[in-house]
Every structure is written in C-alpha cells, then in structure tokens.
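Labels for the chains are A, B, C, D, E and F, by order of writing; each one numbers its residues from 1.
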Amino acid sequence: MSILHTVNKSPFQKNDFSSCLSHANAGDAVLLIEDGVYGAVSGTEAAKQISSAEASVYVLGGDLAARGIASDKIADGITVVGYDGFVDLAAEHQAVNSWL
Amino acid sequence: MSILHTVNKSPFQKNDFSSCLSHANAGDAVLLIEDGVYGAVSGTEAAKQISSAEASVYVLGGDLAARGIASDKIADGITVVGYDGFVDLAAEHQAVNSWL
Amino acid sequence: MSEDMEEGGTVKKFMYMNRKAPYGTIYALEALEVVLIGAAFDQDVSLAFIDDGVFQLTKDQNTDDIGIKNFSPAFRALGDYDVTKLYVEKESLAERGLTQDDLMDLVWEDEDDDWAEKPSIIMVSRDEMKKVLGDQDVIMSF
Amino acid sequence: MSEDMEEGGTVKKFMYMNRKAPYGTIYALEALEVVLIGAAFDQDVSLAFIDDGVFQLTKDQNTDDIGIKNFSPAFRALGDYDVTKLYVEKESLAERGLTQDDLMDLVWEDEDDDWAEKPSIIMVSRDEMKKVLGDQDVIMSF
Amino acid sequence: MKFGVVVNEGPYTHQASDSAYNFTKAALAKGHEIVRVFFYHDGVNNGTRLTVPPSDDRNIQENWSALAKEHELDLVLCIAAAQRRGILDENEAKRQGKDADNVAEGFRISGLGQLIEAGIQADRLVTFGD
Amino acid sequence: MKFGVVVNEGPYTHQASDSAYNFTKAALAKGHEIVRVFFYHDGVNNGTRLTVPPSDDRNIQENWSALAKEHELDLVLCIAAAQRRGILDENEAKRQGKDADNVAEGFRISGLGQLIEAGIQADRLVTFGD
C-alpha cells in the first residue's frame, strides 16, 4: 500500500512541492515533472527538503533536459527516469496523487 | 514617481505576495485582489510581512466578502477599497505592476 | 451507470483532494460538481481540504460585488448525497489565521441512528491526513 | 504603426517582467513574442528576470523528449532588435542553485562603438532591481 | 485619464476576466477613457460566442460584448494567441481553411502591436491574469 | 494494467496536455490499456478542431486525434466544462441554438459520470493539470 505522488510546479514559487513532501508516507514515491524538476537541483532549499524526505524521489529526464539542467546538477539520491519509468512507477503503486 | 502593485494569489500557496513586497519601494502601494486578499487576514505570516513592508497595503472589499473574510479579521494598517478605489489607486501612481 | 458498477461489486476508496481557494480559480467549483455526480456511483467517498482548500469551507461568503455565483451553499447538500467525510487539516487552517468556527457547520443525517444530525467535517492533523491519503484507491486532484 | 508613434514623439520606459519558468506554461514564450513585436515601436525597452523567470535564460535547453519547440535561441535574436537590457536578479539565481555561468551568453553589437559585442545580461541585486522597476512607465507582466 | 486593460486568462477558469470587467466598469463610471481591452494568452478564449454557461451564473462574453456596445470599447483578441487556441473570425477561418468560426460580437482579432500601442497611448496599463 | 488519464488544462498554455500525451504513448508502448482520456476544466479546449498552431511547433489536437485513431482511444470532453468554455459538437450546437461547432475528430462530449467510471474501471488514474 503506497502512493506515487507527482509534483509539476517549481518549489521556488509554489508550495505544492513542500506540501507533497510533508504528506508523503515512508515507502511512497515522489516524481518531479514539468516545472517540478527544478526541485532536483542540488544546493537549494528544495534539495535539503528532499534529503530529509521519507519518500523516494524521482525526476523526469525529458523535463530536465528541456530546462537545460545537466545531470551533474541533480542532488544525490534522486533517480532520473523517462516516461516509461513514469508508467512503471504508476503501475507499482496503488494510486497516483497529483499535487496540482 | 511610485508604482501600484497588484497581487492576486494566496500568500500561503504562492510566492508572488512576498516577491512583490520585497520589490516594492517606499511610497509604492500594494493592492491585494482575488485570492491575494487572504494575505490581509491578521495573525498570519503574511500579515507579519505586511506590517514590516515599506509600501502602503490595500485590499479589495468585494474579494474579501466573496471569501467570507469579515472586516474584523483584517490586520491593522490595511485599507479596504472597492473597484472605484482600485481605479483611483491606478490613477494616482505612475504605473501598475501586476505580480502574475 | 451506477447500477452496472454495483453489479460488478466494485467499491473503491475515492478521495477528492481540494488544495485551492474558491473564486480566484474555478477548480473548487468544478471539483464539487464531480463530487455531486460521483455520489450516484456508491463508492466509498471522502474529501480532503488541505492548504488553501480549507478556504472553500468558510461561512458567510458573499459574492455580490464580484459578480460570480456563490457556490458555497452546495457544500450543505453533500450530506443528502451521502457524502459525509470531509477531512480538514488543522495545520492548514491555523497557518491561515482561521479556526473551525470560521467554517460552515456541515452535517448529515444518519438514517441508521434515527436520522440524527452528525458533523461532516472531520478535523485531522497533518499526520492523520497523511494516513488518510495513503489509504485511497483513487485520488482526484483539483 | 511605429512611425505614427515616433511622430507623436512618445518614448516610454517599457518593462517586460518575467517571473515564470519556460515550458511548464506558455507565458515565457508569449512574452518573448510581445518583446519582438514591441521592438518595432522604438520605445525604451528593458526586460526583468525575477524569481523563476531566470530559468528562461539557461543554456543547453533541449526539448526533444517533451515534444515542445525549444524557443530559447530566440533570446539570442534580441540584440538584433535593439533589445539590449536584460536585468537578471542575482538573489533569484542563487536561490535556485544557479550562477551566471548556467545562463546563455547574450550579446548585442553597439553600432556607436564599431559594432563591438557587448553583454545584454545585466546582473543586479534585488535592491537594484527595485530601483529599476520603480523607474518604469509601462510594466507588462507575464 | 486613459486606461488600457489587458486580460491574460480565459473566462470562468480564472477570475482575471471578471476582475478586468469590474475594473473597466468602475473606470468608465468615473469618467475615465478605456483606450483598449487587449486579450492575450488564454484571454483570447473570452471572445468565443459558443459558450453556454449555467443559467444561474454570469455570461462573461455577453457582459463584455454589451459593455463594448454601450461604451464603444475596442476589444482586441491577439491573433497569434487566438490561432493557437482555436479562436477565429470569419476571415481567419477562410484564410486558414477552417470550416467554422467562433468570435463573438464586439471583439476583433488583431496583432500584438495593438498591445504595445495601448501601452503607449494609455496613461496606465492594468493587467489581469494568473 | 488499465490506466485512466485526466487532462485538466488546455493546449499550449500549460504542459499538462503534452505530458499526458507522452505518458499515454509510453503506457501504450508498454502494452498497457488506456480505458479513457478524460478532459476536464480547461482541458476541454484540447478538443477544438479550430486551432492553428505555428507550423514549426507541435499540433496538440492532431496528435491526440491521431493517437486515438491508432489505438481506438476514448477521448471524452466533459459536457459541463465544455459548455462554459465554448466547446460544442454538432448536436450540442443544435440543442443550444449556436450557429457553429468546433469539436475535433476522435473526441466525444459526455458527462462527468465518465470520469468517475474511469476511476472505477482503471487500475490507476493519472491526472495532469496546473
């Protein structure tokens, strides 16, 4: 019993990211997509929140590349996936919660 | 030479409010409209930011009433105006900056 | 359609998650429209009010000046549709300078208890909300 | 139309304020379209990049996987349109884990200085940005 | 005083169009001039005549069209934004080979230059959006 | 596995429709079933055939229509949301006394019950929005 959460907004401008992290249970997964991928950049307040999160954190590679964020900028412990990985994550969890 | 700033988003969910306050000059006016009016409720983090702001802060009465916020809930130092007051504020300042 | 579903015997835990304020955007109103339609499907329904979603439930909303329809009275109808679990997050309310007294008094009538009026709003802590969210089969986000 | 305006002699300080990231929403792209059209009107134009707006200027954007057109190269054309003042807020960049090295190298050619290449990006502090914003006649927000 | 008004979001979804409408009415009531109302981004969706809002709610398009008629307002939909979003007048529909058009009375489709021009001609430009 | 997909924002303005499209294609490529794609809120604006995006950009409506044809997808526009926003098929246009319709091939207009049904029938419901 665990949930896949998706976050599609920048953590620097909107609270969806931090609200999601504070409502995710241990064993849940959080996938950053669209403008949400900015939360994966190392050395930021967002990255600090991720490092203390109970859930596993993933980020969509296509959205990173679109925004010019190189893989060496990604904070440790975050896994980059493609759309196929997104589908797998959705299948592996009992429900998907989109933090819109 | 001064600016009227408008903020139409909730300070609890988006950073437009705090970004606006930190970019407003002394002598500027800030008008809270739409979901921005939640920033006028006393006793919140948003109200604290307003109390230390250099700009004068106004709030649109119609948007307050729509959201069920009674006038005794409004933090001190904030002036309630109608749409006609909005027009006057726009006329009195050299430009209007909408924090969208 | 609800009959077909019942025949199939599928009863899922449906959560409608509300995190946005009313009027500034239409999501709150259109979410409520889904809840009202969804009530015919006899699923195990609950609503969560988190972050700015708690603003949807404030009492004394008066939209005359802004010219938009006041839809808050429709929340009072939820009980009649057997939608009786409205989870409201305490921390979200407090951060926004509100208490439960600022919210509408929403009730439902329990037919198994001589139609006694019971409160629909269930105040929960963030930790309790986490558990409620983790227990759902379908989460609709608005 | 720009000729009419010149005859009128009106030259205003136009500020295009960019506070949103690219691709997640269309505002950044459609703002740039306004700037390019507006360049024909011979006003005193500048752009501000504040908050997530700084993300519009990152280099090496590659949108192949998401299927949306990469419009970042269009920023390089701004110099040719005599749009040469792009104010970028230092604090916004730093909060987002970026430095100026992560941004495109945007330049314009100064015809009064033997077409010397000069940088279009002007890094400013938040306090300096406040002053720039306070000095405008028209502020277009996206 | 001369005001220009910009609407950046579509009807109903965001309050922007309602706020702009209320602001415009208040400015007119005070004797100000509205040089133009320019609809950009999803704002162009305010200009379709095909909306059928619930009968107990306001009709945003009809409100704008009526206000335009009463005060000879210039309501302009940005052509580039409108094309992306499927808002076409009869001419545009013909030009693009489309079999239908949807622009409402009182609105006209024109270029982004009309927005810049409004910024130059108006004493104040007021933008409503998301 | 059976997926339901929900799209809550219109084309171009938000990335939601693009992301949903890419997710749907990836799910189909992995052999999953898509029980329905439901368009709600401004999402109904994805279903107009009148868009004319710039020729060097993607055509979101055509992409959905083509994917629906190839995989027999059920693309449903919410009727209540569509009426508010001026999205009508031929029947609706007639019923509402409107002189034009704009729904694209492969999309159909139906009620909110179709969203609930998708939630019940699908193993996973994935929502894309703002």
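By definition in this document, contacts are C-beta pairs under 8 Å (C-beta built on N, C-alpha and C of every residue); 3 or more make two chains touch, one makes a residue touch a chain.
Being a predicted model, the structure only gives us computed values, none of them experimental.
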Separation of chain E from chain A in steps, with touching chains one step apart: 2
Common touching chains of chain F and chain B: A, C, D, E
Far-end chain from chain D, centres as C-alpha averages: C
Far-end chain from chain E, centres as C-alpha averages: A
Pair joined by the larger number of C-beta contacts - B-C, B-E: B-C
Between chain C and chain E, centroid-to-centroid distance (C-alpha), Å: 35
Whole-Å separation of chain centres (CA-atom averages), chain C against chain F: 26
Averaged-CA centre spacing for the pair chain F and chain A, given as whole angstrom: 25
Residues of chain A touching at least two other chains: 8, 12-13, 15-16, 34-35, 62, 82-83, 95-96, 98, 100
In chain E, residues with contacts to at least two other chains: 8, 12-13, 15, 19, 22, 41, 54, 80, 125, 127, 129-130
Residues within chain C bordering two or more other chains: 19, 23-27, 51, 65-66, 68, 138-139, 141-142
Chain contact graph, described as a line, ring, star, complete graph or other shape: other
Pairs of chains satisfying the touch condition: A-B, A-C, A-D, A-F, B-C, B-D, B-E, C-E, C-F, D-E, D-F, E-F
Complex contacts: residues of chain A adjacent to chain F: 6, 8, 33-35, 62, 82-84, 86-88, 90-91, 95-96, 98, 100
Residue ranges of chain F touching chain D (in the complex, touch as defined): 12-15, 18-19, 21-22, 54, 56-58, 130
Complex contact set, residues of chain A against chain C: 1-3, 15-16, 19, 22-25, 28, 94-100
List of chain D residues in touch with chain B within their complex: 17, 19, 27, 50-51, 126, 129-131, 133-139, 141-142
Chain A to chain D touching residues, read off their complex: 8-10, 12-13, 34-35, 38, 41-45, 47, 61-63, 65-70, 73, 82-83
